[in-house]
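Letters are used for the chains, namely A, B, C and D, taken in the order the chains are written, and counting of residues starts over at 1 for each.
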Amino acid sequence: MIYFNSDYLEGAHPAIMERLMQTNMEQTVGYGEDEYCAAAREKIKAACQAPDADVHFLVGGTLTNTTVIASVLRPYQGVLSATSGHINCHETGAIESSGHKVLTLPTDNGKITAKQVEDYYNWHHFSPDYEHMVMPGMVYISLPTEGGTLYSKAELTELYEVCKKCSLPLFIDGARLGYGLTCDDCDLTLPEVARLCDIFYIGGNKVGALFGEAVVVMNPALKKDFRFMMKQRGGMLAKGRLLGLQFDTLFTDDLYFKISRHANEMAKKIHAIFEDNGYPFFFNSPTNQQYPIMSDAELAVLGKEFGYEYWERVDETHSAIRFAASWATTEENVAALRKGVEALKK
Amino acid sequence: MIYFNSDYLEGAHPAIMERLMQTNMEQTVGYGEDEYCAAAREKIKAACQAPDADVHFLVGGTLTNTTVIASVLRPYQGVLSATSGHINCHETGAIESSGHKVLTLPTDNGKITAKQVEDYYNWHHFSPDYEHMVMPGMVYISLPTEGGTLYSKAELTELYEVCKKCSLPLFIDGARLGYGLTCDDCDLTLPEVARLCDIFYIGGNKVGALFGEAVVVMNPALKKDFRFMMKQRGGMLAKGRLLGLQFDTLFTDDLYFKISRHANEMAKKIHAIFEDNGYPFFFNSPTNQQYPIMSDAELAVLGKEFGYEYWERVDETHSAIRFAASWATTEENVAALRKGVEALKK
Amino acid sequence: MIYFNSDYLEGAHPAIMERLMQTNMEQTVGYGEDEYCAAAREKIKAACQAPDADVHFLVGGTLTNTTVIASVLRPYQGVLSATSGHINCHETGAIESSGHKVLTLPTDNGKITAKQVEDYYNWHHFSPDYEHMVMPGMVYISLPTEGGTLYSKAELTELYEVCKKCSLPLFIDGARLGYGLTCDDCDLTLPEVARLCDIFYIGGNKVGALFGEAVVVMNPALKKDFRFMMKQRGGMLAKGRLLGLQFDTLFTDDLYFKISRHANEMAKKIHAIFEDNGYPFFFNSPTNQQYPIMSDAELAVLGKEFGYEYWERVDETHSAIRFAASWATTEENVAALRKGVEALKK
Amino acid sequence: MIYFNSDYLEGAHPAIMERLMQTNMEQTVGYGEDEYCAAAREKIKAACQAPDADVHFLVGGTLTNTTVIASVLRPYQGVLSATSGHINCHETGAIESSGHKVLTLPTDNGKITAKQVEDYYNWHHFSPDYEHMVMPGMVYISLPTEGGTLYSKAELTELYEVCKKCSLPLFIDGARLGYGLTCDDCDLTLPEVARLCDIFYIGGNKVGALFGEAVVVMNPALKKDFRFMMKQRGGMLAKGRLLGLQFDTLFTDDLYFKISRHANEMAKKIHAIFEDNGYPFFFNSPTNQQYPIMSDAELAVLGKEFGYEYWERVDETHSAIRFAASWATTEENVAALRKGVEALKK
C-alpha cells in the first residue's frame, strides 16, 4: 500500500532528525527561550527580510490559528474567511470555542477577493443593525488554499490594501506555505508575503518538520503579550528547543524551499498521470495537492493499492479525491501510481 | 410621526401595568421563588397541557437563546439554524461567545426542513473527517420566523421526528409565539407546540409584557441545573416577581392570545393596504410582521410620517421594509398608514 | 411576616411607577436610543460632573459586572478582587464563564488596599514565571462592600493612584452606591467617586428602581464599542426606555440620594436595636446592611416573624445574619423588629 | 554550567530517539489512528490493568489539563484544586479561559484531603445561595504534587471514596507520575492509581519522552466524544504516531519506571548533599524534585555554576529553590553539585 492521503504521512526530513539526535542530551532552558529558538528566529526574520518581526513557535495548525485569532480579536468581533477555510470546516469549532464567529464569504476556488471583504465591511458598517451583528475584526486566508490554489501578487496586494483601509488585520495561514511559494505559478516571494499581511505562519508540520509552525508577527500592534496567549491556550512547548532546532534546520541553506520544490515536482507528475488518462480536476491546483475526479468504481479499484483522501461527492457516481505530494514523496511511488491509474483504463 | 418599526415600541398591556402598581409595595423573596412566579408557572403549564414541564423566566431574547443553547450543548457541538435565524444574524455573536458554532442551513422563507436537518446530520455523521467538524447538537427554529412565516403542524411534526431520530433536541424561539399561534394560517396550538419540541420559550417582550420570556423545558433531560445557567449568564432577575406577575396576567383569561389576535388583525389590514396599492411582498407572512417591497423614492416620502424597519435591498431602486403590528397597534394608526400609502400613488 | 432579607423585596419607588404608567403607550425607538435614555444620561453626567462620560443602562448586577469586565480585559488577564467580592462569590462563575480568572486578595472587612494591589502587581510583574501566570488586568471593588463597609476618600484616592501607576483600570461596583454615598461615615461624593475610577456603575435595582444599573465610563480608552459588548452578552434591553425613565426619575430632584438617606436612617435604627440588646456585629457597617451575630436558638425564634439573610456561621452556636434596610423600609416595620428582638431577652 | 532547573532540560531517552529514527520514513495515517498508537494504548492499558480504559495522547500538560477539565465539567461547574495546583498557578488561566472557575482548597504540602472536599461539597450543597455559587464538578490533584509530595494509598482511597459519594469525578495530573510511583515512600502502584480515580494522565514530557502525555479514561461516563474535545482544543497531533511511538517505547520492558527510579536515586543524592550541609527543606519531598532553603548570598555564588529554579521567598534573606533530577541526570553532575555546595561552607 502506498499512501498519498496527505503531506504528514512520514516523520521529518533526515537533516532534522540528525540535528535532534546530535543535540539530544544537551541541556537548554525551556519555553522557547533557548539559543536554538533564537537562531531560528533570526534565520526566519532574515528570510522574510523582516528584522523587526516577532517570531513564535507553536505545535499544530488548529492551535496556531486559534491562538492568533483569539489574540487579535475583541470579544464581539469575528474573522472573515472563505467558507472553505480550514478554521470554518475542519477545526471542530476551535475558533467559536474561543468566543468568535467565523464570518464566511462564498468561494469556488478557496480564495476570497478584496471586493468581497470591502463589501462585507461596508454592509456591516452602514447597517442600521450595526451593533446587533458580529463586527468583522480580521481576515483569514490560506496560502495556498485548502484546494491548493494560490493568490497572485496582484490579488494579495489588492486584498491587503482593502484590509488596511478597513482596519482589518490580515492573517495568512501558511500551513503549506513552502508548497505555495515554490510552485511554478507563484509570483510571490516570502518577503512579499510577509509585507502583504499583518501576521502569518510558516508551516513546518507538512513541510519537512516532525511538527511545528512558526508564527511571524509583522504588525507591531499585534505583538504585545503574545506569549501569554500561547501559554494560556496550551501552545507553549516546554522543550521549545525542539521547535527551534527544526526551524533552524529548515531555514539553513534554503532547505525549506528545496524540499517544497521537490513536492511540487512530484505533484506535477501526479497531475500529469490523471490528465494523461483523461480525468478532470476539481480544483485547478498548481501546488502539492491534486484533486482529480474519478468514478466511484475506479476509486474502489485504485484504493486497494493507493491511499488517497476522499474530498467531496461530485455526482451520483463520481467523487473528487486528493493526492498530496510532500517533501518525502518518491519517484518510485509516483511511477507506481501511474501504473495503477493506467491499469484502470485497460 | 407614527411608528410601525417593531412590536416593542410601547410599554406593556394596561392589565400588566395595573398588576405591577397594585403589588408594588408587597414584599417577596427574590430570584423567581415568589408566589407570583409560582402562579405564572402553573398557568403556563396548564396552557401547555404540560404538567411536568419546568418553567423559567428571563429578560430578553438574546439572553434566553444563549442560556438555553449553552445549557443544552456539549463544548464541541453546534446548533443548527436557518441562515436567517436570529441567533445567526442579530445577536452580535452571543452563541459563539458562549463557545458554540451556529451551523447554518440555507432558507428562502426563514424555515428549515426535516430533510435538511437529516441530511446535515448524516453528512457529518458519516464523514471521514467526523471528529474534525463541529458536531450538530441541537436544532433552533423560530415560530413564527424572522420573516413572519410559520411552520405547519405537519412540517413541525416531521422536523421533530427527525430531531428525535438524530438525538438533536429541538429548541423553538417563540419571541413572537402569540402572533404565530393566533394567525389565520396557523394549525398549531400551544400544547401541540410544547409536545413537538424539547424546549421553547414564550415571548412576553413583544407580546404585551414590559419585558420577559418564559422558557418551558419539556424534555426532562434538559431540566437539570437550569437555574445555575440562568444565574451564570446574568438572566436571573433579582425581583423575579416582576416576571411572574406579567406572565400570570398574560395567561389569565387568555389575555396573551387575545392581544396577539388583535395584532394579527391589524397586520392583515396593513397587508391589505400594500396589496391594494400593488406592492409585492418580500415574505409571505400571515403574522404580525409585513414586508412590502417599495421603491426607495416612495420610502423617502413615506418615511417622513411613518416609522418602518429597513429590511433588505431588493434591487438598485427597491427595498424590502417591515411594518410590525402589535398588541398596541391602533385602528387609527393603521388608517393613517392607508392614507399615507395611497397618497404615494397620486 | 416582615422581611429584612434584602434591599430588593419591593417593587419601585412610586415616582418611578407613576412615570412608567404615564408614558406606557408612548412609542419610542428601542435599545436605549430613545429620548428618555438621553435625558437620563445627561442627568447622570451632570450629577457626576462628568460631561464627557459615556452612560449605558443594563439589567442586573451580574450581567453588568460580566459585561464591564469582559470589555476591559484581554483574554489572558484577570481581575483583582477581594475574596469577598460579589464577582468571586455569588455570580455562579460568570466572570470565569467569560474566560477570565478572578485574582483574589484577602480581606476581613470586604475592602482591599492600595498596597495589596501594588504588591500583587509587582509580585507578578517580576516573577520569572511571569508568562505562566494570569496577568492582573484591572481592579474590582464594591462601594459599599458586600459587608456594608466603605472606602474613605483617602483610601480610594490611594488605591486609584496605584491602579494608574500599574495601568490597572479600576472598576467600582455600585450596586448599592446610593446607600454608600449618603451614610454618615462617607466622605466621598458622586463626582469624587467618578473621578477616582475608570468605570463604575450606579445601582438602581436595590435603590428604588424596578430594575436597572447605569454604567458610567470615565476613561475614554474603555468607551469603544461598549454597546457591542452589551448586545452580545444579552444586556441591551429592547425597551431601553424603561431604564431611561427610571434613571431619569431617580436623578430628578435628588431622588436617588433622598431615598438612600432614608434607608440609612432606618439601618441606624436597626443597628441600635441590636446594639441596645447587647449583640455584637460581624461587620462594622455604616450603611443600609447590618450584620448582627445571634445565637441559633434566638434566630429560630426571631425567624418566625422576621425575614433575614443568613450570612455565615460564627461558631457552633452563633451565626452572623443580615438585616437590610432600603428605600422602602418603614418605621413601623423597624419598630416591630425592636419589639421582636427585645422579646428575645425576656 | 550544569542545570538542575527542571526535568525537561534534555531531549528524550535514547531508546525513543532510536525508534523515531528507525520509523521516520514509514507512512502512517494521522491523528492517532495508526498502529503505533494502537500498540501504545494496549501496553498502557495492560500496565494499568485496565482493559476497558480509553487512552488518548496529547502534547503538553496545560493543554491536557484544559481538555480533560473542559470535557468533564458542565458550564456552571468548577474544579476543586489545591491552591498550589498547577492549573491554579502556572497555566495563565487556561481553565478559566475554557469558562470554568478553579475552586481552591488551602494546603501546606500541595495535597488536599478527603475532608476538605467533603466539607466544600456540603458547604455549597446546603447553602441558601446554592445557585449563586459555582458548583464543584470535579476534583483535580497532582501525583506527585507541585512540591514533590505524595498521596498515600490510604489518602487517595479516602479521597476517591468522598469523590464518588459527592459525584465529583477525580482527575489526577500525572505530569511526573513515574517519579511519584517509583520513589521509596510510595505505596501505590499504577493499577491502583488507575482504579482510584476517574481519569488521569501519565506524563511523558518530563519522564523520558521528547513530549507527550497519555490520558487514561477509567470512568466510562467520561469517554464519550473525547476526541472531539482534543481536536477542538488543538490537542490532536497530525503525526499522532510520534506520540504512539514514544509511549510504546516507554511502556516496553518497564522503561518508564526504570528511568523514573534513576531520577529518584539521583534526587536522594541531591537531598543528601543539602541535608549533609545543614540546609532545611521547604517541602518534604521523596520524589525527583528537591526544595532546599538557602541564603540569597549563597544562591548568588552557587548560581554561577549551577542552574536551579527559584521557588519562593522564605524570609528577607532566604529563599526556597528547586533542584530537579530526571531520567537524564548524571552521577557526574550530582557529584559536581556536592562539591559546589560544600564549597559554600568553607
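Everything below uses one rule, namely that a residue touches a chain if its C-beta (ideal position, glycine included) is under 8 Å from a C-beta of that chain, and two chains touch if they have at least 3 such contacts.
Heads up on the chains, UniProt names are A, B, C, D = Amino acid lyase.
As the structure is a prediction and not an experimental result, all values here were calculated from the model.
Q: For chain C, which other chain has the most distant CA centre?
A: Measuring from the centre of chain C, the most distant chain centre belongs to A.
Q: Write down the chain pair with more C-beta contact pairs when A-B is set against A-D.
A: When A-D is set beside A-B, the one with more contacts is A-D.
Q: How many angstrom lie between the centres of chain A and chain C, each centre taken as the mean Cα position?
A: 50
Q: So, what's the distance in Å between the C-alpha centres of chain D and chain A?
A: One centre to the other, that is 33 Å.
Q: How many angstrom between the C-alpha centroids of chain B and chain A?
A: One centre to the other, that is 42 Å.
Q: So which bits of chain C are touching at least two other chains?
A: If we look for residues of chain C contacting two or more partner chains, we find 75-76, 91-93, 97-99, 131-132, 135, 228, 231-232, 236.
Q: Taking the complex as given, what residues does chain A use to touch chain C?
A: Residues in contact with chain C: 31, 70-71, 74-76, 98-99, 131-132, 135, 225, 227-229, 231-232, 236.
Q: Using the touch definition from the top, list the residues of chain D that touch chain C in their complex.
A: Going by the criterion above, the answer is residues 75-76, 78, 89-93, 96-102, 128-129, 131-135, 310.
Q: Write out the stretch or stretches of chain B touching chain C in their complex.
A: Interface residues on chain B, with respect to chain C: 2-3, 5-6, 8-12, 14, 17, 20-21, 23-30, 59-64, 66, 91-94, 97, 205-206, 210-211, 228, 231-239, 242, 307, 328.
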